[in-house]
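One chain, subunit A, links the two complexes that follow: it is found with subunit B in the first and with subunit C in the second.
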Partner chain A sequence: MDTIIRIDVGAAKGPKVTKEAAGKYAGIGGRALTSTVVAAEVPPLCHALGPENKLVIAPGLLSGTAAGNSGRLSIGCKSPLTGGIKESNAGGQAAQVLARLGIAGIILEGAPAGTPCYLVTIDKDGVKVADDQSLKGLGNYALIDVLKKRFGEKVAVISIGQAGEMRLPAASIACTDMEMHPTRHAGRGGVGAVMGSKGVKAIAINDEGCKTREPKNPEAFKAANKVWIEGLKKHPVTGGGLPSFGTNVLSNIINEAGGFPTNNFKTGQFAGVSKISGETCAALETKRGGLATHGCHRGCVIQCSGIYNDAEGNYLTKQPEYETVWAHGANCGIDDMDAIAMLDRLDDDIGLDTIEMGATVAVAMEAGLLKFGDAKGAIELIKEIGKGTPLGRLVGSGAGAMGRAYGIERIPVVKNQAMPAYDPRAIMGIGVTYATTPMGADHTAGYAIATNILKVGGYVDPPQGRGPDRAVAQPPDRDGSHRFHRHVPLHRLRRPRPGRHLPGPHRPDQRHAWPVPHRRRRHRPWQVHPQDRARLQQGCRLHQGRRPPSDVDEARSGSAAQRDLHHRGRGTRQSVQLVGFLIGGRRARS
Partner chain B sequence: MKVTVKLFASLRDGRFDEAVLEVPESGFVSDAIAAAGLSEGEATVMFRNARHVLPEDALVEGDSLSLFPPVGGG
Partner chain C sequence: MRDLEIALPAGDPRREEALAVLQAGFGMEARVGMSAREFMREVLLFTDDYIENVISTVFLDDKPVDDIDRALLAEGSRLALSAAMPGLVGAIMRRGSPYASFREAITHRGEGHAGADSPESGPDKEEATTIIVTVKMFNSVMRDRGPGVLARGIVLASGRAVELCDAIGIDTPPGISQGLDSGEANLLRLSIVVSPA
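What follows is the complex of A and B.
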């Protein structure tokens, strides 16, 4: 885990592979590594699909060891969907296999000449990049079939489908699972489009001849790992609810709490929830000879996945995750589990973010393109993307683009990224997350559901608040409908005082619509500008009394780096003000 | 008085999905939990008409009570 592989696809004589020591990036992995590289090396104002952007792929620090659940893969870049820094992650085999080869990260950089279709192969003998036009236009499933014949079933593949090749803002990056199905996706923020812009179709990784990474102190590692695995097995969520019903166990509870966005966020409860819940899905999978408990990578203790077979008992897709079931189900008014599983399969095959796709189809339904509950229409709409038709490209551009194209007012996005499966009006904590993370509406950036709903790790009653907050956070009526059927724009929650605290821009085209009064930037000692950080690393002292970065700063460099990039890109202060409005304070206190 | 009780996830095993149960007048959430045949602590998350409640909270005729074991995901 001390090598970083750089592939410059824009080099004069074709792709140039450089192996380098992790150096200044040593000691960090996963999200910290990908975000730190992006913050340090990608100019924040560059075009996300241009040569200056970089795609960074990294396993976690413990990947490749015997540590339980150490197989997540992090992918980072500047997002073509949000225009800000992006981190998206996935399960599957890739992280374990990369780490076993001693690779801390892969960085794709530059822009290729022409329209190549690179296949990158990595094994213990080295890295090869070859232009293979025969792979062009293949969906992820067809691509894996071809690569399986060439490399056998023991490789792990990171790939894009047609959406990534077309550089669509909702394109994902697929990772294969233990059965070589391309089902685990780094979905959010259009990372697949950035891989497409580098001309890389697939990365096949083979760890044959490599061993599990050995800890320096095997006894201490073994003891700690034992405690970790026992803890996961003993906890009722990771040892009971998740293995039995998968992540979709959440459908019922979020629905009961009135935070299950239905019909493009019109209501907070879905009448057909019992037909698509985790309980129903697990029973169906078992009945059809699939699996209700299944791990997506070696060494997973939780096993929250499953195998979903069609009515004839043939493999269709993995167990659709909660976000997918919500996005393509309740949010589109669809209560047919087979249709949702088919949409999940299509998203995986074409290489699309299921959250963004469900939200986009729902906005299309709101626009009258098809009706709420029209499962066949939704399937046809997603198929259009694979065909590359003009309509398909619009759908693959996400909910924001769809809403603007049809002049729709109610588009559930933050920083142009679709909101996931938790209504921020009923579950206000997650609203703070959506508003404040530099990544757009991302539930993983601060999972307030744990405390607001699940009572895991604490408890905060979700609709608590004062004044206007309470008005929008009404629980649903007995019939399941919210009393407020229209979204109240966040900036209307509290009227700003003239000349002060004017709400920030909500859409890029409104960026300079309102005069924002000049205020001195508040001193934030925890934020170290990247340029300053470089100087600090050279041993320089900073002026203005800033303290040099402490160990805490180093440990948090991933998130600090995100804040820095975001601050230079878009208005942090506006987001903070927005939280102020959301939590009902008279003044935003940052 | 009658209240609707809904059970989810592992609480359904050997019980019911949804039932209208009889609880004493001016009863509490704990009464409904007992009427559903659950032991104390089995249900960790409880909603009455889509709002969090605790076992000591009161019920009224026609309430809908949803009971969950510890769950998580997303």
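What follows is the complex of A and C.
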């Protein structure tokens, strides 16, 4: 796995394919590779849909080997949704197949002339790029049907649906699973729009004639893999909860904790949770002849997925995941498992991030476009995106855009990306992750555990008063983004007076439980203090490129600085320092 | 409280659907002031080994519990029981989790309500010692221990018992309907027994 394939879609005589040695990128894979390439090669101030942005696709380092669960595919670029660096990843067959072909990464660069619809085919004989206008406008399922007829059922396909072609900020990139359904998506941050901006509709990869990658030391590898697989099988989560009920096993638990955002983050508990839980879904799948335990690529040991059939017993979609069930279910007040499965199918087909879509529909519900709990209305709204109507394009632009268009105040986004299914007001530690990752609200990045527990990149001792419990989530600013702009020690928090209206209770019975700082300044605690506002504004101006920001400017300007810092590929040390600043409350001296 | 029994033949798939009632919550009789551990051991009949090694996520009144000996039950308490859960947040919610500080604001502090409801404070000592708590059983706990709990009997309001019968597709036993007809807010002790194969 030592080859990088570059496809310059903007080359003078049409797409130019270059094969090169991994070189300075050798020895890294997956999100390390995609993020490193983006940081090194993409100018931070470029337009995310312009020629300077690059879409980087990379299998994990162990993909293509016999290692259990080694089939994750990472996709990176500058995000059209957040304006910062983005890493999004997916399961499915593509990573294993690419790695067996010896490909460490694919980089799509440049901007095409006109409006091509490229089909890239990769096999052991090489890479071909052809403009195939017949594929234009197809949903992922219809596209795969066409490609299946051409290439058979053994290829893996990476593709975009209509949303990606329309370059909508919520567009995802689909990867086919073992049954060649386009169900595994690199969903977050609008990576599909970047693929669309390169004019690439699909990449079909065929590893026929290639072998499983051989380790340098087969005996040691085999022994380590055995321990790894045994560990996965033995663990109560990876060997019990996940295979039996899927990731949606979390619904009941998070709901119990009051952290299951409901009706556009109005409350943290959903009355209909038991109708959409992983336990209920698994029982329904089994009853209808689907599967409650299934892998999304060959060699998956955990098998957290499944097959969801409709009431007639016909395939509808894969087992909807926790994030999907929450986003389209509780967050929209929908407790109908079949409706959620249909929304999942539509998201997969049109090529959309399910988290962003659930959040957007909920904001539309808050705006009065439809009612909370209106499953049919939600389905119609998502279908609008596939049709490319003006309303559909607005929905496909994400929760932030929808909220701004309708003048809604409660927009659950960080850096314009919708929050995932864990309410940071109930689980404050996760709020630090949302706030500090340069990628927007992301439950898989900004791993605060690293500094709290594992002592990687420095150490922040939670009980010593600098931990995440002390970084208090503030209600959203007027532009809808949540900012962790002020450190408030817990002993200075008090409960607000009864009767006082405060936004965002996380449980119905804690209507007045939002923590507010106790201090003398006459200033509403959920508003940005004028002093801080000036600092934030300064940060924003800096980010618009009026002058290059200094380290001090970055420290002052909070989240904008984070984005800029990471976007310019600074190392972990600086990030950790800034995380320390954000969660520890130390202010840089100017 | 009336007792009702529903018998299902061995291998009947409706048993799976009956189990679903356990995740939505059901009533169980308990002793006032008993700890979550005592309740699991004495009422649900879980073994110590099962409590220690499988029941790794416990909520009392919607709050994650770290110490099940200090989490005391009172009238109307809601106790939710789960195995280990995935992901960062799943790990955060586990009892005794090293990441517990991430959810410090909602952690159960071991404050029971035993004092207020203690037997001495009530007029009828005998009556005051027995309370009804709401129990929820999730994921593998529901699957592993649910059939036993259902067979021994759970407490349900008659309206919910009718819903349960509808959901699993059996005729509503006359005992339940009687309660409904009379308009009483009846509680039933309902057991669902699967005959041995």
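Keep in mind that, in the parts below, the second predicted complex is superposed on the first by the 446 of 590 C-alpha atoms of A that agree within 3 Å, B and C clash if a C-alpha of one lies under 4 Å from a C-alpha of the other, contacts with A are read in each partner's own complex, and residues count from 1 in each chain.
Criterion: contacts are C-beta pairs under 8 Å (C-beta built on N, C-alpha and C of every residue); 3 or more make two chains touch, one makes a residue touch a chain.
Remember, it's a predicted structure, so these values are computed and weren't measured experimentally.
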item	value
Touched partner set for A:T280, first subunit B, second subunit C, both or neither	second
Touching partner for A:G241 - first (subunit B), second (subunit C), both, neither	both
Partner chain(s) touched by A:H443 [first = subunit B, second = subunit C, both, neither]	both
Contacts of A:V301 with subunit B and subunit C, given as first, second, both or neither	neither
Partner chain in contact with A:E323 - subunit B first, subunit C second, else both or neither	first
Touched partner set for A:L250, first subunit B, second subunit C, both or neither	both
Which of subunit B and subunit C A:M428 touches, first, second, both or neither	second
Touching both subunit C and subunit B, counted on subunit A across the two superposed complexes	235-238, 240-242, 244-245, 247, 249-250, 252-253, 256-258, 269, 274, 278-279, 304, 422, 426, 443, 447, 449, 453, 462-463
Subunit A contact footprint on subunit C (complex, rising order)	13, 16-17, 19-20, 23-24, 54, 56-57, 59, 62-64, 80, 82-90, 92-93, 98-99, 101-106, 136, 138-140, 142-143
Subunit C-touching residues of subunit A, taken from the complex the two chains share	235-238, 240-242, 244-245, 247, 249-250, 252-254, 256-259, 269, 274, 277-280, 283, 286-287, 304, 422, 426-430, 433, 443, 447-449, 452-453, 462-463, 467-469, 507, 515
Touching residues (chain side subunit B, partner subunit A) in the complex	6, 8-10, 12, 17, 44-45, 47, 49-52, 64, 66, 68-74
Complex contact set, residues of subunit A against subunit B	235-238, 240-242, 244-250, 252-253, 256-258, 268-269, 274, 278-279, 304, 322-323, 420-422, 426, 443-444, 447, 449-450, 453-456, 459, 461-463, 475-476, 478
